Amino acid sequence: MIRVEDLHRHFGGFRAVDGASLSIESGSITGLIGPNGAGKSTLFNVIAGVLPPTSGRVFMDGQDITGLPPHELFHRGLLRTFQLAHEFASMTVRENLMMVPGGQTGETIWSTWLQRARIEREEAELHKKADEVLDFLTIRHLAHEKAGNLSGGQKKLLELGRTMMVDAKVVFLDEVGAGVNRTLLGTIGDAIVRLNRERGYTFCVIEHDMDFIAKLCNPVIVMATGQVLAEGAADEIMQNEAVIEAYLGTGLKNKIKAEAEA
Amino acid sequence: EEIKLGTSLGFTGPLESMAPAMQAGAELAAKEISDSGLLLDGSTVTLVKGDSTCADAAAATATVERLITAEKVRGIVGGMCSGETIASLENVAVPNGIVMISPSATSPALSEIEDNGLFFRTSPSDARQGEVMANIIMDKGIQNVAVTYTNNDYGKGLAESFQAAFEEKGGTVTVNSAHEDGKADYSAEVAALAAAGGDALVVAGYVDQGGSGVVRAALDTGAFDTFVFPDGMVGQALVDNFGTEIDGSFGQNPAAEGEGRDTYVAMATEAGFDGTGAFSAEAYDAAALMLLAMAAAGSSDPGSYKDKIMDIANEPGEKILPGELAKGLEIINGGGDIDYVGATSVELVGAGESAGVYREVAFNGGALEVVGYR
Amino acid sequence: MDILNAVVAILNFVVIPAAAYGAQLALGALGVTLIYGILRFSNFAHGDTMAFGTAVTILATWGLQALGISLGPLPTALLALPVGIAATAAMVLATDRTVYRFYRAQKAKPIILVMASVGVMFLMNGFTRLLIGVDEQRFADGARFIMDVRSFRELTGLKEGLAFKTTQGLTIVIAVIVVWALFWFLNRTKSGKAMRAYSDNEDLALLSGIDPEKVVRMTWIIAAALATIAGTLYGLDKAFKPFNYFQILLPIFAAAIVGGLGNPVGAIAGGFLVAFSEVAVTYPWLKIAGYLFPDWQPGGLLQLLGTEYKFAVSFVILIVVLLFRPTGLFRGKSV
Amino acid sequence: MSDSHYLSATGMRGGYGKADILDNCTLTVDKGQIAVIVGPNGAGKSTAMKAVFGMLHLRQGRVTLDGEDITALSPQDRVKKGMGFVPQVNNVFPSMSVEENLEMGAFIRENDIRTTMEQVFDLFPVLKDKRRQPAGELSGGQRQQVAVGRALMTQPRLLMLDEPTAGVSPIVMDELFDRIIEIARSGISILMVEQNARQALEIADIGYVLVQGANRYTDTGQALLADPEVRRTFLGG
Amino acid sequence: MSTNRQAASASIWRAPVLFAILAALFVLEGTVRNGMFSGSWNTSLAILNMGLISAITALGVNMQWGYAGLFNVGVVGFLALGGLAPVLISTQPVEGAWEAGGPRLLIALAAAVGTLALAAQVRKRLPKWRGLAVTAVLIGGFIIYRWLFDPAATAIEANNPARHGNIGGLGLPVLLSWAVGGVFAAAAAWAVGKVALGLRSDYLAIATLGIGEIIVAVLKNEDWLARGVKNVTTIPRPVPFEIQLQRNPEFLELANSWGMAASTASGIWVKLCYMLLFLVVLLSIILLAELALKSPWGRMMRAIRDNETAAEAMGKDVTARHLQVFILGSAVIGIAGAMMITLDGLMAPVGYNPLRYTFLIWVMVIVGGSGNNWGAVLGAVLIWFLWIKAEIWGPELIALLTSPMPDGNLKAHLLASAAHMRFIAMGLVLLLVLRFAPRGLVPEK
């Protein structure tokens, strides 16, 4: 589905992404993990057209999509969420969702003068759809709230909700879990699986919560210092010495125990 | 009767420092006539002030609209700058049949405007000044000059008419370029003028605007040391600003020979303002003309007194100087004829504009000297 | 070929005037950029703050002159500056208290503050005119020239003259000192860093124990000082006329923005860029060509564009710069 | 009434506009203790933290620190009283370098800050490499580390952290919790909000479960972890 | 917090009440005569007419800023460009101008456009040496353009320079020129937008400010176009001249039956005609704008204004939308510019100063409530009213303030400076409105 070939993205002299090559199989839920500053978000941003690459190519379904602007990628079915929530702060939560689908009749200015009836029909449908998504995210009661007033986690949910408004092909999720209540995160995980199975979405998920990754993702790609460090099934990865060394650590429990013993 | 006259002058805006002396001039005339008690059986005259802003035609139009339709003025002394004058004349004064006498709008365009005989000015058209200036320069034996003008209808009209006249006489204008008023810096303009060169620099600008800025920069860099100053520049302010630095420069402005002007300046000093201020005397004359014409017509109706203005201003008749307005009124009331000379040797020609007698001035020893009249 | 005369001509008509003008713009732009950087709005009242500060300085200068105090070859106005700065600081602090503080507390959008500053601009504009009138005021005294055209010609025997005014020299020297001091203050002192922190993230500054009102006060005081200094130097070099100080606002903003809003280095660079592009791009090369190639008789002035378009040209340059560096030469902020 | 707890915020009621977010919410921490707040998104956890720090108008309730009533104090004054706070979002100075961010944390301190800074760099080694880089250019997790580092620089008596581990990698999270324990051992009180609730409750002396602005459960961390109801509804099973 | 208070009090009655107050002001101005008001319908209507034009301008700015967050400070330029339309479309042709250099001029302009198009193509197509090639094309084009253009312009300007010296108009109806004014401004906005819309907030501001200055500079200095600073004064009117009415016996009778002097009645009649025309334009623009705003298009624009990155990620072509709304807004400003010149009957480029035609318009938009069309209209008419009235109210205010003072130098000085109270009064009003309605009089919902 997505293939990244020898991708570089440098900031001044700093190589945030430094020759990463990877591919995301169609129909998979691929996990992307790695230490802070490994270049995961930067990689996302390059794929999603927010940042131009320094060098390297990105392909989607065999077509070169390097450097295409984000709005075109959206119309090709590539959606993404942001690590720091990017809500439309002065719009209501429901409007945040209703604006998402592309090609709405009412988005052409002439139509707003000439095709009112049609627009109203479409709006009614969008409204229904948005409410379904809100129900799913447990924030229906906030439909009229300004998105800027949401709590940190609620913004994250809204971020995810937007990707559910359209039929996407591949969705990039940048730490949807950070700041989200774990019980709800479980539900979100279920939803991801369902979207994957029922609607055939491909997912690429950045997340630091290893339980979540382990439950959901296959395969898991590990990045470190701008390159791919390892790739494989979740349980393999968790055993990988290099990954433990760079990313997972030996675990908190051991330490507490050690201290108690001392 | 209480006769109201409006003044439409730029109290705020780019020429705000010129306006007060003009207003004072008009007030002086109005007061003189009021005090005499001789106008239309002891009518009093009050002036209603209007701010034309000089630059904003819409604001000026609104002001004149108010003066005419709300204050019910019987005539207007103004506008001040040509563009704004044209707008308010065409849009308000003419439709309402109100007389406007401008002391200072000098654009040649105003000579030909369709005014139903309602517009006059006590200053001459710049077309004339260009010729006079060309003659003066030629007489000094200067053949090459650079010209800088303030970029409005006044500056450009004057610069063009000067260039035409000067070249016809065989002179060369090395460069004729505009400067904008109120800019922060005139180095670029002076650099260009200096590069073009010339034996003198003609500054067709305003003394308290870009004109002085250009002169300042030209003096500082040594680009020119002889300047030619037309009416927008000649004034006490110029001497105050530059003192002996402009020794050897010269110029001209509309102002007639004779005691009229001196008397006026003395009267102004007594009244507590500077009568030498640019167009202050013209404003006095504009107001006086208008009121004397009312007396002659026996009515303050603009429709009837507009026809008297030319009679009052020109020969034949007894000459009337500033301070002698009462005498003028007496003569008129007695059925006599007057020739209003006023502070600027008023002589209206053509469609009612000053014929244009200019005094030639020279700057020496840090003072302005009048050397002759043309 | 006469290279010396050509060089002197360029120095005299382009380099020196543009450098002095650039320094004046830079000082003004520093004030604008500081307010933008820390209080996060474009302060349209800055030009009139400059006018106000200068007006007070002029009044104080006259007072000193009346007392017979002078600074020898330097303008007396330098002695009067502290008075002007103090009055202006009091003035802007009062405005802050009555006007801006309210919007800060409201966390109003920057545009609201901009509009409020337009209101303040009108007010100050009127007050300054009430204070000192609308006429041009001259208050420069002391020696006018460090080097004047005539002495230069006598000294060197060159045909071209070179003038360097005391005020130009002063402007450049003071600009350098002020800029250095401001840098030192912002980057090295605790208060300076607190100001930068406040400008970055107001709430977090609060959590770090920084007193926001103190930062705001300090910003205004520095801005008032910069405005008064800039205004006075400009007035000394050119002339003081309240209306001109509104007009100078445009190039000042251009300088601040092209340099990168909120960035002091940018303000300086911007000031010089604007000044030099105004003067240099419209410079006619006729005279220089005359010195370099005495036999060549070109038809025109060898001028790229007439001076009528100097403002336009400088803006074109600014726009081109911004196209390549969308937040100014030195990566400014944008709210 | 003097309070035996080091920090005690009792009966807090208040919000942003008309509607109250906090509903009679009470939080206390003792000296050297770690208190952890958990709860669903939008429960009012961050709001409660802001209220304790004086960034929110309280209609009811009072806050005391070390027995002293600080309900009316401004946030800066609370900083001077020894409170430090890491907000959930916007918690760095983006255009200032990492080092300057840390210096700002120590703004109110008069003594030498170099050793503290070294300690922070020891804790988050990556920050040392990036000390001259503007914080705005850091990755999400690195930023979070700067934010915590800044609060540590204050050397507070009470440290309040709003989701300090959001977005940091497991290895850093372990380090961070580790360090938090250490800090608490040295007598500093910790009040933190966490969504990595299980790890957090493990080290918590006291845990609060907040739902719709009200205290739902209050118990020791271990006890809450052991409660199946709590686990299922709030800790993700 | 008090924004909340304001939001709460912003009932549905707010706008109607404010409009009613505004209307009352105009009625007072028309009927009551005292120190504050003139009691003349002519004055009242004259202010209203200019206010309506300002309202249309403000609507244009509001589209750009209020809907899309584009900071256009080049309003004066687009207004001026719109004002060019009546001159070029509806003044009478100038004898001899076209023969002097018309065709050559057109060829020159075509060459200029061609050069730019070629440069753009070269830039797009050429893989290597792009910068150099583009520069070469531009320089070459410039030389050719000047070679074609200069003689033509000189010839046209030499054609009876005292009266004309310009290319002249087409003699078409002046109402048509309003639409053309919109097109002129839209075309310029397209070009500007293509280049500058990548810039943000204040950086865009300085770019547009510069472009405004450039447009005005061109109008001032290119005499062949519209006589430059020498002004064009013969703009035809869409309504009768007062003089015509005064000579029309039927009208005189009508005036008599109203009990009005012919001059007063004719003035009012003409202004009412203008008012009607302006209202039609204003209301049509508002109708179209409201329809667009209250539909997904408006929602999309708000999303873009809120967060461009996210909108882009959600498939909205931010650049294209910005360009669209920039062009639309500029077109509206251009229409207003053409209307203004028609009302003034005069094209005087010197008058186009940014204080009056850019910043005052901005004040109108913000005071009215950015993002809200009715707010923009209310703000525009109100601020214009105050701007005009400040001329009288300012001095009145100072007279009032100084009345308790003893006579003396200070009082005399203050009274003499009363004209400057215009600024002070304006500033005070602005600050007071912003203080008590920080989000504008009729805030965006």
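When the chains are written out, they are named A, B, C, D and E in that same order, and each has its own residue count from 1.
The criterion applied here is as follows: contacts are C-beta pairs under 8 Å (C-beta built on N, C-alpha and C of every residue); 3 or more make two chains touch, one makes a residue touch a chain.
Only a predicted model underlies this, so the values are computations on that prediction, with no experimental measurement involved.
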Shortest walk length in steps over touching chains, chain A through to chain B: 2
Smallest number of contact steps required from chain A to reach chain D: 1
Between the pairs C-D and C-E, the one where more C-beta pairs touch: C-E
Inter-centroid spacing, chain C versus chain B (mean Cα positions, whole Å): 36
Whole-Å separation of chain centres (CA-atom averages), chain D against chain E: 54
Distance from the mean Cα position of chain C to that of chain A, given in whole angstrom: 49
CA centroid of chain B to CA centroid of chain E, Å: 32
Sequence positions of chain B contacting 2 or more other chains: 16, 151, 178
Multi-chain contact residues (two or more partners), chain D: none
Chain D to chain A touching residues, read off their complex: 16, 39-43, 45-47, 88-89, 126, 137-142, 144-145, 163, 166-175, 177-178, 181, 195-199, 202-203, 232-237
Chain C-touching residues of chain E, taken from the complex the two chains share: 1-3, 65, 195-196, 198-203, 205-207, 209-211, 213-214, 217-218, 220-221, 354-355, 359, 362-363, 366-367, 370, 413-414, 417, 420-424, 426-428, 430-431, 434-435, 438-439
Chain E-facing residues of chain A, complex: 48, 50, 69-71, 74-75, 79-80, 82, 86-91, 95-96, 98-100, 102, 104-109, 112-113, 116, 119, 122-123, 162
Contact footprint of chain E on chain B as seen in their complex: 11-12, 16, 19-20, 49-51, 55-59, 61-63, 65-66, 68-71, 82-84, 86-87, 90-91, 94-97, 107-109, 112-113, 116, 127, 151-153, 155-157, 160, 178
Interfacial residue positions of chain B with respect to chain C in the complex: 14, 16-17, 151, 175, 177-180, 182-185, 187-192, 194-197, 208, 212-213, 216-217, 220-223, 237, 240-241
